[in-house]
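Handing you a structure now.
Letters A, B and C mark the chains as written, and numbering starts fresh at 1 in each.
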Amino acid sequence: MSAPAGITLVTLTKDIRLEWRSKDAINSMLFFALLVVVVFSFSFDPNAEESRLIAGGLIWVAFLFAAVVALNQTWARELRNQVLDAYRVSPAPANALFLAKAVGNFIFVAILEALMTPLFIMFYKLRALGPAWQLLPVAILGTWAIVVNGTFFAAMSLRTRSREIMLPLLLFPITLPALISLVEATTTILLGDPSTSAKFWIVLLATYDVVFTTGCLALFETVLHAE
Amino acid sequence: MNDPNAARPQADPIISVTNLIKQFGRFAALRGVSASFEAGRLYAILGDNGAGKTTLLRILAGLVRPTRGTVSMLGKSDPREACRDFGYMAHPSLLYDEMSGMENLRYFARLYGIQDDARCVGSISAVGLDPELQRPVGQYSQGMRQRMSLARAQLHDPKILLLDEPFSNVDIRSAREMVKLLAHMRDQGKTIFVVTHQASLLDGAANEFVWMRAGEIVNRTPDRKFMETA
Amino acid sequence: MKKTFPILGLLTAALLSYALYEAVVVAPREQTMGDVQRIFYYHVPSAWTAFLLFFINFVASVQYLVRRNPPADKIANWVVIAIGVLTCVGGYVIKPLPQGMYPSSVATTGLAIVGIYFLIRKYFSDQETDILALTTAEVGVVFCTVVLVTGPLWARPVWGIWWTWDVRLTSTLVLWLIYVSYLVLRRFSTSGQTPVLAAALAVFGALDVPLVYFSIWFFRTQHPQPVIGGGGSIDPRMLHVLLINWLAFLCFAFLVCWSRYRLERLQRDVEETLALEALLEPRSNVR
């Protein structure tokens, strides 16, 4: 029996291997990430005090745009040579494919974030006044929120004209609550005001993740086979 | 319509379609195709561009839903339920260009729950390619690529093979080898459907030629010489 | 249809005129805001109408998706019944209710949800459910646009700002964005199964709305923002005018939806007939 978890793992390792070999997306994405940071830094040049107020928003908007560029590549390899057809005729469950792609995107976007963050810290002279460790769950939950919906809508856009613009068009309205939570949580942690806490935002992000991961898993098969 | 099977005892059809209609907007790709196909035979599906051959095959593979009509494959009304029993191949290779043949097959084998490499090696050897070849599939010649695609399609030893233009842009030698292989598989009991423009390649190998035109089956003959008149 | 539509049209026109008269002349002048406040009678009914239409779209989308899958259909039926029962009971059991909610209104809302769901299930076939979804999305976007335009127009002279991140206004904006993207998806889709994709998006949108609400609500507790739109109790005479306006808007929305629904239905029938013709005509051999 083809165990779904096994298929997810095998698909994920295949994608990582392919990406490592071609380094198509990675190289261009890394450079894009750097450019984004530089452009944002030129546009806003705050001092340390001000930067803590706006950095949360800036960083997450930058990550979101970088993520969209990455997400648009999700199915690129499967479209060449119509490999998706091979997947569709196999008994492998659609969700296994979805999870593999979502986790792959997550890893990829996380790498981008990990590389962009030190640059932001440098350019904006950032220093978290609050509990900095909380930034980790915020980043993980937030990145998953963007990536899970992004992978789903990338699959939906396969069936549309103007594929590359459809993805952000569908994604941005739906991710607004996640974005608000991310920005607010990050700003709260940076400012470190003892009367405020990022806990509510973290819980909201977790709720968002649970709700939409379930939704994506429930509806992905329908979208995959909607020819 | 000639019935070349009149003299033989009728076996249970392995695939039958009833009044299949597929419309893309106003364009009717299939206009009411009804047919039965028996097990263990090699069917060549021929016709001009736009005749509906690819659409028919894609409906049989469960990739496209018909607008109206029914499909019965091995007794199941949804081809997706019979997915372990058929293999599909099309003109695009359905393979990852950046991986070697063995790596590709190993991955697709896992989708069918096949863990051991021996099946992949066997499949690749059967189509006359070298399992050890490290070259990525994207660098293969078209003949090699189509053969590797066939290896992928029959990796899980399916009862039925659905092949859409397998010989397209393939050199004559590779094409003839593929036909020999298909005939061999048919002799072992598989049912094979080949959609092609190059009918001459299947002379002597195909049990039946199915002629399609404008979304309908217009003739079924055992021999390519009985071509339908205009 | 031919007779009822003009009659309803005239009735609606009369109702709208009466509602306008009530809003502009009869309703009492608001103490602090003055006559500008009268835009409230345009702004709030548009919002309620838009939300109702979007809700119908959500129900139609869910219907469209579950009907393709009989086990899911049964589960959905039970879930909807459970929602009805819970709201009826919960309205009376949960104390205290959030401000502005009464047990009877919660129960009525619950029953309305159940009613709408099963009515659509009974009277609309698959295709018709999809047309209903499309219609309510389009008309809903129009009313939502009205809300988003009248909001700032009201806020500027009264509170001095064009916009604020208040819960209702922001939720309306997000809803508007989601449904505009829904309409774009419908237009740009090349798939033969556009209704399915659109329905999936509508479900995602519906899942999103409560999350938007909560996120903005908490955002406001962290960042006190000016309160616009007024809250709390409302003068009974104003409530009366508000409800008349809402009735008029509902009638108008119903007429527009009906018209749009009919148009879409006719267009699809024409397409189907043309497709059938193409099917039956012998095709010339393409060489």
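Rule of thumb we're sticking to: contacts are C-beta pairs under 8 Å (C-beta built on N, C-alpha and C of every residue); 3 or more make two chains touch, one makes a residue touch a chain.
Keep in mind that this is a model prediction, so the values were computed, not measured.
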| item | value |
| --- | --- |
| Core chain by centroid distance, with centroids computed from Cα atoms only | A |
| Furthest chain, CA centroid comparison against subunit A | B |
| Selected pair, greater C-beta contact count between A-C and A-B | A-C |
| Separation of subunit B from subunit C, taking each centre as the mean of its C-alpha atoms, in whole Å | 49 |
| CA centroid of subunit A to CA centroid of subunit B, Å | 40 |
| Centre distance in Å when subunit A and subunit C are each reduced to the mean of their C-alpha atoms | 31 |
| Subunit A residues counted as touching two or more neighbouring chains | 227 |
| Of all residues in subunit C, the ones touching two or more other chains | 192 |
| Interface hub residues of subunit B, defined as touching at least two other chains | 65 |
| Parts of subunit B lying in touch with subunit C, wherever the complex brings them together | 21, 23-28, 31-32, 48-50, 65, 213-215, 230 |
| Partner subunit B, residues of subunit A touching it in the complex | 1-3, 6-7, 10-11, 14, 17-18, 21-22, 77, 80-83, 85-92, 227 |
| Of all residues in subunit B, those that touch subunit A in their complex | 61-65, 83-84, 86-88, 90, 92-99, 107-108, 110-113, 152 |
| Residue numbers on subunit C that touch subunit B, as the complex places them | 192, 271, 274-275, 278-280, 282-287 |
| Residues of subunit A defined as touching subunit C within the complex | 149, 156, 159-162, 166, 169-170, 172-174, 176-177, 180-181, 184, 188, 196, 200-201, 204, 207-208, 211-212, 215, 219, 222-223, 226-227 |
